[in-house]
Each structure stands twice: as structure tokens, then as C-alpha cells.
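Each of the next two complexes has chain A plus one more chain, namely chain B in the first and chain C in the second.
So, the complex of A and B:
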């Protein structure tokens, strides 16, 4: 294994509150005091394993069952709020982060699909495969009804192929620009002919499939879509492409070649098992002990869900949906098949104002309860309040000068949080 | 270190902070600067991006060309329906708004616009149009962003304004002053309590990384522009002009109001999405073209009524055109060269750049005969009167398009 992914050893650099909080901010959402304390007392090994645990908490699971009935009512706005509420409640925040990550990778929009049950079905497919082998996920996505509608594969038929899906399989889902030619797209499209859907179910339309020989990325054969997926994943470019995307999501906005190569190698050696790869990244000394000093700008979902989780605000589904949408991330409606660009592209003057105004309304809202938090965590002095505010937001490092705060401890907490959540550092993770 | 707002204003007058000193000017000074703005008489460019790859052949239709009719058995616009312009080319029947502008001598079509080695990825091609560079991944800014950086003076109102639901386009990305992006005038307001936060952010002296500095500057600029726009919004009052009920029309109405109120920007940028018509194109494409043509026509009427028409030029573009042959799903796949529109009393009306040559294709797509950078160059030199070479390098403005 590359030296870059040398495992972290708590014996050399202790697993303390600051490391645990920083670790959770990057693998999960901005954590609550409870999550930080639990991580410290559980130890590093158990905290890492906990990220990959299957079973979720009861609040989450009860809510989970409401997905299908909401989707059947064709209410995509309610379904969006339901997804965000699950993110706010989950005890498996990494699963939540990954679901949004893959939704952005296989970016499909309800604006064209126009079926909430199909969008939910795609989300379930993504959640089922999020940690697993990438090949299984891409094969499942190629049969996903929402994807078939989104990229017009219903119209991809023998004799007159529609290139839309094949193009994005190469450009956006597996290889990236420059690793294939237009010829591969035209031939690849033939392999996906007849892959259609009827009433929200995948259907292979034998009569429309082109059984002839195709030449894709240097291989020749009477390929179908599954073959094209396998051929694409076997290209050297695929491991680097997926490695880069994972690193951009969890480590830094512009990972260097060395790091990409190390993670790509990890992907290849695990047969593109995402879980194994993430465990190697999150378990490395580079990640835990010496985080890169070039953090990423948080997505709206990370920003909003982080605020409500760390401040333990019981926000309504509709509020979460409105806030993230206004900040430029309307789940189930990415702007194009390329998804959201991320990092600096999240922020412009409009979305920045929404973040600043949103922080003010969150701490003023009666769903934020300073006195409950103070008694829960025994915050009885101004210093204790100040330290807590810092811990659940930006950690020890901020350059913002805090103005004098009110003496009343509840008011003090609100005031401090308003400044800390508006600090430039809070936009990064 | 604790600092009050007043102390900060006093201290930063010398320009000691990282941010332009105008960031913290008291409101009355900002208002004075606004009233005295020399840009009240300046020329304005409105860019409308057609996102998704507009089918140029069904927008400006070669309706007497047999090859066109053969390639488009279900999608073709017949010669009875096309709205004739000149040289046997006509507009899609849903573009009566543009036909009226053409008859008024305000509409110029520039045909066959593209670039060498056309890229058929939406994103790569859009980036090429946005940066005016064939290797956009190496560009840090957009072509209009470069103009913004060259023309912005500290404390002045923004040179460009993005008004859209979409994210800020690469075309407007700058190295220095961030281009403000708003969804609408009403949606762009700062909560009153946030002025203390604004001061605290502005007062940060050093930032550890470029990204932190980026966030800090953006936060301060956003607060400042929110106060500016709020001021302008108070001045403009309601608009009485008639616009159709489209999102594009609603945004153009606000652009007309902002220009009318003497708000600073010389460049406004907005978009209309949905042109990626791979399947069942006929219905959606017509709807989009109608939204475009009717919205722009209403905007032109509004500008004319306000006496502003001579000061405003409108330009449309899309990342590529579409393939000549329609596909099995009664749609069209990604193509190459396509027409652009210019609407301006200073441009020569008519069809420039010739008819599309359907006999001489490149990979089944139209070859370009006009490089889009020469269209940009003309807009910069002849309309905005800025140094096009500094923005685009050696591309000479396309001849014959502008009167001057």
C-alpha cells in the first residue's frame, strides 16, 4: 500500500476531542456535542467502523418507511424534505453523504423524469450500492428507469442509436473527457439499444437491440450494455476518475496526482469496492492526523444539515428543503447530468446571502433551544458556553474577531453562534 | 481584538484591508456615488445563454434546401410555415417576436458560428464558449470576467450582473471582484441584523488560504451589493410594461428596471435552459423558442418606451447546434456550428455568415465558418468599446456586422 495511505495510529497522535470533531466534520456532517463525546470515548477504531455500520437508529428507520407513500402521491417536494429529514436524523451520516455524492455523480433530474416513484427508486438503488463494487452500481444504474427516461435510452434503438446515455457513461460516470473518442460513443450507444423501461420498470426490448459487432475502447465483440460498463471500468482512466471524485468529496478540492494514484490503486486492488477504499482513506494518518490545509467548501446539504445536527435543531422537512434549494442544491433536481460543480461554484452573491441570512434565522428560531443544550451539556459559565459554541462549529481555528457578547448565557450562545456560523471558516470542511 | 464598525471604517480608508475600501462606505456615500455614476449613459450588453445546445437548423431554417427536408422527415419546418428572413432562410414559426424585430431592422443573424475541432460534450463546449479558449480547463476566468476585472474600479457599482436561477456561469468568473449573481431583485436582500456580521467578516486581516479569502471577499461583496440593489429597488418602483408570463421575461423586465434606474452594470447575463432535445423535440423546442422570442420582443418594447433602446444590445448563444439528421426518437443529437442572434440598433440587420452548407459536413455536423471569438470581438470593440485584444487575443471582429 502506498505510503500516502499509511494507517493512523492513536498511540502516536492521540484521538482527542479536536481530532474526533475534525474527523466527523469531514466524514459526516458537522457533529453535535454528543457525537463528538461518543467518538472520543469509543476510540478511533470503533468510530471508523461505526461509519460503515448497517443498522440505523429508530427515528431514521420509522421515517424511512414513509418514502414510498410520499412518492406515490407524486409529491417531489415532500420527498425532497423527507430525504433531508433522514439526513438530519440518521445515525449513519456517511451513508447520507454518500447517497448525495452518488446522486450528484449520476445526476438525474425530476424536471425531466416527472415521476416521484422513479426518483425514489433511483435513490434506493444508489443507497443499496453506495458502499459496494462500482461495477454493480453502474450496471444497476444503466437499468434504472429514471436514468433511462433522463438520458432518452427509450429512444435508443437498433439502426438509429441515441447517443445520450453512452456519452455520459464515458464522460461523466466512468472515464472523464479525453479517455475515449466520438467513435466509442457511437459504438457504445449501439450496445445499449433496446434498454428501455415501461411504467417505471426496466424492460429489455429484444427487437430494438443491435446484436451486431461493435468496437468500443479498443475491444471488439457483439457487446451489450453490461459489457460496455465492464470495458469502461477496466480502463486505467476509470480508477483515477472515481478516485478524484471521492477525494474531492471527502479530502480536498484539487487532489494531487500522487494522492489520486494511491486511491486509484486502492480501488483497483479492491475491485472497485467503495467501502474498502473509503476505509483506507479515512483510516490513514494523512486523513486523521494531518488533514490537508486546503479544505473544501461545504455543499448546501452539508451546510444546512450540519447546522441542524450540531445545534440539535428539530427543523421541519420543508425548512430544510427550502434552505438547501435556495442555496443552490435542490435535491432530485440537479442542474444538468453533470451535477453540481461543487467547491467554489456553490458560492455566489445570491447563495452567500442565503447562507448568512439562514444562519441568523436558525439561531433566532424557537426550534433552537439554548437552555436545553446548556443543561444537557452542563454549560454554566460564559467560558463553557463560548468553548461549546466553538467546538460544534469551526473548532479552535477562526480568525473572526468576536464582538463583546451578552451576559445572559442563552443570549450569549445565540450571539456567538451567529458569528461563528457566518465565519469564512465555517463554509469549509 | 475587538473593533466597532466606526473604528473599522476609519481604519480602512487608507486601503489597509484586503478588501476594496468601498466595501464599508456608509450608505449615504454609496448613494452619492450611484447618482454621479458616469455609466448612466454607457452602452449595455445583455447576454442570453440558450443552455443545452440549440438546434440551429430548426431556429434559422434553410427552408428551400432539399437536404434539410430529407434529413428531418418529422421535425422539418416547411417552407409554408417558416417566417422568411432573407437568402431562403426563415425563422421557426414560434419566433414571430423575432420576425417583428427583423422587420423593424433590429435583428441580425450570424450563421454557422462555431470553432475548430468541435467538442460535443455540453460541458466542455460550454466552457469553451465561456472562456473563449480551446483549453478551458487551464483558464481561471471567463471572457466577460476578464472585461469585469479590467473595468472595475474600487467602490464603483458592479460592472456585470448575473440574474438567473442557474449558478454563476464561467463566462462571468473573475480573478478579482466577484460578479454578483441574483435570482431576482426581491430575493436579494440581507437580513438587517447582519451588518455586525458583515463588519466582523470584513475586519478579518489575514486569511490562511485562497479559498478562505475567496469566501471572505464574496461575503463582504454580497452584503454590499445587497444594500446597493435594495436602494435601487426602492428607486425604480413598479414596472407597467407588458411582458408575457415566462421566467425569462420576468428576468428581462427586472433588467429593464435596473437599467432604467441607472444601476451601474454594463453587462447583464441570463439564460434559458432545456435545449438538449434528444427526443420528441418538436413540442419542447417550439415552446422554448417562443419564450425566447416573445420575452426579448417585450424587453425591446419596454426599452424603447423608456428611451433606452439605443443603449442596449442583446446577444444570444448556445454551446453547440445539433446534428443534421434527426434521430429515431424524433429528436436531434449533439452537433456543431449554429446561429447566434444580435439585437441592436447599431448592428446591420440581416443574415451574416451565409447559408448553412448541408453538402459539406464534418462527422455529420455543420462546419463552422465564423469563429465565435470574432463575434465576441465585435461586441467588445464595436459595442462595449473595450480592448478586445486584451480579452480575446488576436481575433479580429467579424466584418460587416456593426454599423460603426
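So, the complex of A and C:
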């Protein structure tokens, strides 16, 4: 294992409240007080393993069952709210983060697909493969009906290949610009001919598939789509491409080459097992003990879900959907095949105002219950309230000058949270 | 299900006789309240009503209903109940006795125009158990420090004659004199109440309200509309022309009446199996000639009743002369609303193809327009829609002089409208309607149905292949909507389901007579059948639970409990009818709520 991914040892730097809060903020959404306390008492090893737990909580699972009926209503707005509610309730927040991450990676929009059931099916595929080998995920996505509609693979037939899907497999899904040639796209498109869908089911149309020999990225053979995916993933550029994207999501917006190489090596050695790679990143001293100086700007989903999870607000699906959409991230409707640009693009004068207004509404809402939180976490003094507010927002280790606040503890909590959630530090992950 | 009888025997007290009595023990609450209230409400025999309510709750089982239990078991309710029960117990009473003692024989609430734009209010309750109320007050005074060592705190009390008036924060004053508990926010009103000035019981408006009410009325009230119209917000609301065409046409006539009426009287009384509430305006001018559309002269009376329809749910009846209203639009509506109305008429004319909406449709229909809703029977449906909508039917009587050509044009227009819906749906990838002209019981009908109902195999699989609880595939909202048209016995029928169209034709055909001219005031009405509403909600239980889970952030268990409790409570109701009569001398609104003896399961 590379020196950059040397495992973190709690004996050298204690696993305390500050480290636990910072770790959870970066691996999941903003944690609640309960999650921080549980992480500290469970210890680092158990906390790391919990990120990859297989089972979710009852509330989440109950909600999960509603996906299918909602999709059949063809109400994408309701489905968006449902997804966000699941993110707010899940006991597996890393799984939720990864689903949004891969949704952005394989950006597919309902605006063109126009089928909520197909969009749900793609989300299910992403969730099923989010931690698994990347090859399996890319093969599954290549057969995904929503993706087939989105990138016009229905029109990709023998003799008249449509290059849209093959181009994105190389450019956006596996290799990145510059690691392939136009010839590879043309030949790759031939391999995907006949991969179509009917009524939301993948269908291989033999009559329209080109069974001839193709030359893709230096290899020659009677390739089909699965072969092209395997050939692309075997390219050296693929590991670096995926490593960079994972690091941008979880570590810093511009990872240095050394770190990318270390994670790429980890990916290759684990046969592109995402779970193994993430475990190595999250378990490293670099991640736990010495976070990078250049943090990322939280996406609207991270921001909104973070607020409701950390403040333990039971927000309605529609509210979550409206808030994230107004901040510039409409799930199931990324702006283009490239997905959302993210980071600095998330903030401008308009979206920042929406974030500030959202914070005020959340704290003033009846669904935020300061008295219950004070009682549950024994916050009986102004100092305890201040410390709690800081712990569940920017973290106890962040230096921030707090302005004067009311003496009434509930009002003080609201006032402090309004300030901290609006602070630049909270916009960063 | 046997009907539960609400036959109360109320001893209404003749006001005129009461005013002549000088004995304080027999005085009514209105004889304490000062004259000149802008609005007043009296609750007669509150203690008796409470007893009857308690008896009904026990007998009907409603106190065991889940929604009631849900409220009763909530921590907030339990805290309040423990406090109130403790308080009552210290006065040697239980909670019901305490409430009965305070509500007593008679309660009057009155509002007065106060100084500094703040309304003044007074509540007077004639206790049925003076000693009990005195004990309760004594407890309250001791607990709140209004009395010290048994004597009134001079800082927080003053005397009017022999009566002690207590001042409790922030502005409330109260006094218990004889058997009357007087509470007000105005020292002036309190002094008048305890003095010998003229009282509310002598006011002509109050007396008229009492006289207009039936003898067994539980609640009687009145409001001085002329005085209320001086409130700037109310004045603006009444004088402003509606900004939306539809609300303007629906309520514009009532608004016009309220602009000139002198007062409104109201009463609530038990009926044979429920409650009846009536509100009526008095005085005021007749509708101006520019508002003739609100009082149609050609309204007809139907022979058949909508509750004869299978699975009847609700009916809304509106009586307007739509053609006249369209012509009077500039006088009735604000400028933007007029623009919206004209645009709407133009668009509908386009959709209808060969028919002009204003001349051919509005000009040929008579009043009343009826919207009937029934629950759909989906036992033979290939796909269970989700949600399951009720079937809607619009029924309009047509002028008697219309010829065959009108019917032909109507069917052509209906087909044109369905084609436009199909073009629009096709652009959005939705399935299209297949329309068919046929005959049913000799009447020409246009049916439509989806060629390929949504919710087919592919969609089911695409959604993840998770099975529904139903044994049939589920379709989306669109499936439960298939426009149909017919004319039967001079009645234009437009429905959203072929089944409802057939049911309507069956009902009309059974009477076999065209509607006759109505000889009654203009009547707008809403009727609702609670049992069918409960069935409809039960049909859509899964949808409602999903909505509560997503929108109210409930767990499945809580969402299901809430929906089930609400549906169960509905089953204690039988029907609701709200009718609004527009007469030359004013408006009369009557609401009748009928209950069942117990919930149908």
C-alpha cells in the first residue's frame, strides 16, 4: 500500500469527538450528535466498518418500498422527493452519497428519458453496484434502459452506428478526454449495436448487432459491448480517471498526482472494487488525521440533507426536493451528459441566497425542535448549547467567532445555528 | 344501520319575558351584555347540550374512535386534562361537572367596536351550579394570587357597586355576580354590564335573531353587517371586483348581497338525526340589472335525484345564467379576470372545433349546472388506477327549442376535443383515447377509452419489479379518466367514465321526463355522502399513506394509523348538505349534518 494511504492509528492521534465529527462529515452527510457520540464510543475501526454496513434502518426500508408505486405515477417530482427523504433517513449515509455520486457520473436526465420507472430502475442499478467492482457497474449501466434512451443507443444499429454511447463510455465513464481516438469510438459503437430497450427492459436485437471484427484501443476481435467495457477498464487511464473522481468527491477538489496514483494503484490491485478502495482512503492517516487544506464546496444535496440530518428535522419530501432544486441540483435531471460541474459552480449570488433563506426556514420551522434536542442531549447551559451547535455544523475544531446570542436556550440554539449554517465554513466539506 | 335520534328538548327562553324579570337569578346572559354589539352569539342550555353530547359519544361509540383516542392519548392533551382535572377536583367536581357548571344555562359572547382600533369583547355565562363555579373561582383566585388571605388583592381588583371585579393579566377582567360569570377585556363594558344601562337583550337585532330561530336552537347569533363593513379589510374585500373569473362567477352574487344587507342572523339546532345550521341576511337591495346572470329566470327542476346513482358520493349544484354572466363580465370582474375569461372562451371554442363556446354552449344551457361524483367500480377493470379517482359528471339542462343539429355539432365537437387531447398526449408519449359513438337506451353516446392502459408489464418491470399488494397491475392517474358525452331527455351529460354515463342515463331514463321549470329561489348546493367518501379514501389508502410518509415525514405505522382513524371517523357521519338560496330579500345558507348511531365498518 502506498505511503499516502498508510492506515490511521488511533494510538498516534486519538480518535476523539473532533476527528469523529470531521470523518463523518466527509464520508457521509453532516452527522447528528447521536452519530458523533456513537462513532466516538464505537471506536475508529467499527465506525469505518459501519460505513459499509449492508442493512439499513426500518424507517428507510419502509420508504424504500414506495419507489415503485411512485414511479408508476410518472411523477418525477415525487420520486425526487422520495430519494431525498431516503437520504435523510438512511443509516447508510455513505451508500446515499455514492448513489448521488454515480448518478452524477452516469448523468442521465428524465427530461429526455421521460419515464419515471426507467429513472428509478437506473437508480436501483446504481445503488446495487455502488460499492462493487466498477466493471460490473459499467456493464449494467450499458444495459440500462434509461441510459439507452438517454444516449440514443436504440438508434445504434448495424451499418448505421450511433456513436453517442460509445463516446461517453470512453470520455465520461471510464477514460477521460485524450485517452482514446475517434477510431476507437467508431469501433466501440459497432460493439454496442443492437443494445436496445423495449417497455423499460433491456433487449438485445441480434438482427441489428454488428458481429464483425473491431479494433478498440489497440485490441482486435469480434467484440460486443461487454468486451469494450473490459478493454476500457484495463487501460491505465481508467484507474486514474476513477481515482480522481473519487478523490474529488471525498477528499479535495484538485487531488495531486501522487495521491491519484496511489488510489489508482489501489483500484487496480482490488480489481476496481470500489468498497475496498474507499476503505483504504477513509482508513488512511491522510484522510483521518491530516485532511487536505483545500476543501470542496458542498453540493446542494449534501448541504440540505446535512442540515436535516444534523438538526434531526423531519423534513417533507417536497421541501427537500424544492430546496435542492432551487440551489441548482435537481436529482434525475442533471444539466447534461457531463452531470453537474460541482464545487465552485454550486455557489453564486442566487444559490447562496437560497442556501441562507433555506437555513432560516429550517431553523424557524416547527419541525425543528430545540427543546427536544436540549433535553435529549442534556444541553442545559448556554455554553453547552453553543458547543453542540458548533459540533453538529462546522465541527468542534473549526475556529469561528460567535456573535452575542439570546439567553433563552431555545432561541440561542436557533440563533447560533442560523449563524453557523450560513457561515462560509459550513458550505465546505 | 339505525338512525340515531338527536331529539333534544330545549327549553328556549322567551327573551321578551326575560327582560321583564328583575330577579337576578333568572336573568339571561344577554341581559348582562351591553347594548350595541356588532356581533353576538348565545349558547342556550350549555350544560344540557354537554350532557347530550357526552351521552351521544358513549352511545355511538365515537369516543372509542381511533382519531379521538389518538387525540386523547397525545401527551399535550393528557397534560391539559391532568391539570384541568386536578383543578376541578380541588373544587370537588369532575371535569364534566366543571364544564357544565360554567356553560350553565346560557352563554353569550359579544363583540363591540372598541377604541384605538381594538375590538372589545364580552363573555357572560349563567352558571347552572353557582356554588360549584364559586368554588372553582375561589381556587383560581388563590392559585393566581388574586386573593390574599381570602380577600381580593386591591392591586388587582376593584369594585363596581357591591361586585368585585378581578383583573388578570394581560387585559382580562372578570366578575362573578349572582349566577353570572362576566369576562371582558374592557372596563367600560364591565361597568355597563354591572349597571342599569340598556342591554343586548333589548336590541331589536338580537331579539329578531332569537325570534327567527327555532325553539330548540342551541346557538343563536347575529352580526351587524353595516357596522362590519366599516372594517377596512372587509370593506375592501366586498367592494373589490374578483380577480379570477371562476370565483367571480361563483360568489359574485353573494358578494353583491353582502354589500347592502343590514345584518346576518344565525342559529344551530338539532335535527332529526343530526344538526342544522342556518345563516340568513336581512335587509339590503336586490341584485342590480348588471348582475342578472346570478339569478337565472330559466332554472329547471330535475325529476331524478343523484343519490339514486350507484356509489353516489357528492353533488355540487350551481344556478347561474352563464350566457348572461359572460355578457355582464365587465361589470362583474376585474379587467385581468375579463381577459382570462375571454381567452378561456376562445381556447375552448378552438378545442371544440365547429362549436362556439359562448353562443352554442353557454347560450344553450339552462340552470342549474350540476357536478356529480360517484365512486368507480373497478371490479372488471384490466388495470387498477393509482390513485383511484371518483367518476365526475357534468350535467346541464338544454333549452327546449334545440334541434337535432345541435346534437350533431356537439358530438363532432366532442370528438374534436378528444383528438386534441390525443395529439397533446401523443407529444408527451402518453397513450391515446379511442372514441366510439354508440347508442345506449336509445340515446346517442360518445364513449372513449385508452387504447393501451398505462401500467403495463414493461413499466412494472422498469420500476424495479416490486409487487403491489393488488392482484392487478397498477396504472397511473390517467387511466381513470375517459371522457364521455351524451344528451338524454334534454340534459347534456359529460362524464369521466363510461360507467357513470350509463348510470346517469339509467337514472334519467327511469323518470323519462325532461326537467321542468323550477319555482323556487336560486339555489346553490353541495351534498356529500360520508360512507362513500370513506370508501373512496379506503380505496386510495395506499396512496394516502405514501403521501403522508413523504410529505408529513411519517413512519408507515403512524401514517396508516392516521388515515385509518380519519376514515373511521367519517363513518360516524351520514351526509352533509350545504345549500345557499339567493332570494330577493337576501341570502339564506343552510348546512345540515346527519350522523349515524355508530360507525359502519
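In the analysis below, the second predicted complex is superposed on the first by the 423 of 429 C-alpha atoms of A that agree within 3 Å, B and C clash if a C-alpha of one lies under 4 Å from a C-alpha of the other, contacts with A are read in each partner's own complex, and residues count from 1 in each chain.
By definition in this document, a contact is a pair of C-beta atoms (placed from the backbone, for glycine too) under 8 Å apart; a residue touches a chain by one contact, two chains touch by 3 or more.
Note that the coordinates shown come from a computational prediction; the quantities given were computed from them, not determined experimentally.
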Joint occupancy of chain A by chain B and chain C, clash or fit: fit
Which superposed partner A:124 touches (first chain B, second chain C, both, neither): second
First, second, both or neither for A:74, with chain B first and chain C second: second
Which superposed partner A:261 touches (first chain B, second chain C, both, neither): neither
Chain touching more of chain A, residue-wise (chain B, chain C): B
Following superposition on chain A: angle at chain A, chain B versus chain C, Cα, nearest 10°: 80
First, second, both or neither for A:201, with chain B first and chain C second: second
Touching partner for A:341 - first (chain B), second (chain C), both, neither: first
First (chain B), second (chain C), both or neither touched by A:65: second
CA minimum distance (chain B, chain C), superposed complexes, angstrom: 10
Footprint of chain C on chain A - complex, ascending: 59, 62-63, 65-74, 78, 81-82, 85, 114-118, 120-121, 124, 145, 198-201, 314-318, 367
Partner chain A, residues of chain B touching it in the complex: 1-4, 51, 120-124, 162, 166-168, 178-183, 187-191, 193-194, 196-197, 200-201, 203-209, 211-212, 214-216, 218-219, 221-223, 225-226, 273, 278-279, 327-329, 331, 333-334, 363
Chain A residues touching chain B - in the complex, by the definition given at the top: 151-152, 154-157, 159-164, 167, 171, 177, 182, 253, 293-295, 297, 326, 328, 335-338, 340-341, 343-345, 347-353, 356-357, 360-361, 397, 399-404, 418-419, 422-425, 427-428
Residues of chain C touching chain A in the complex: 386, 428-429, 454-466, 468, 474-477, 542-543, 546, 549-553, 555-556
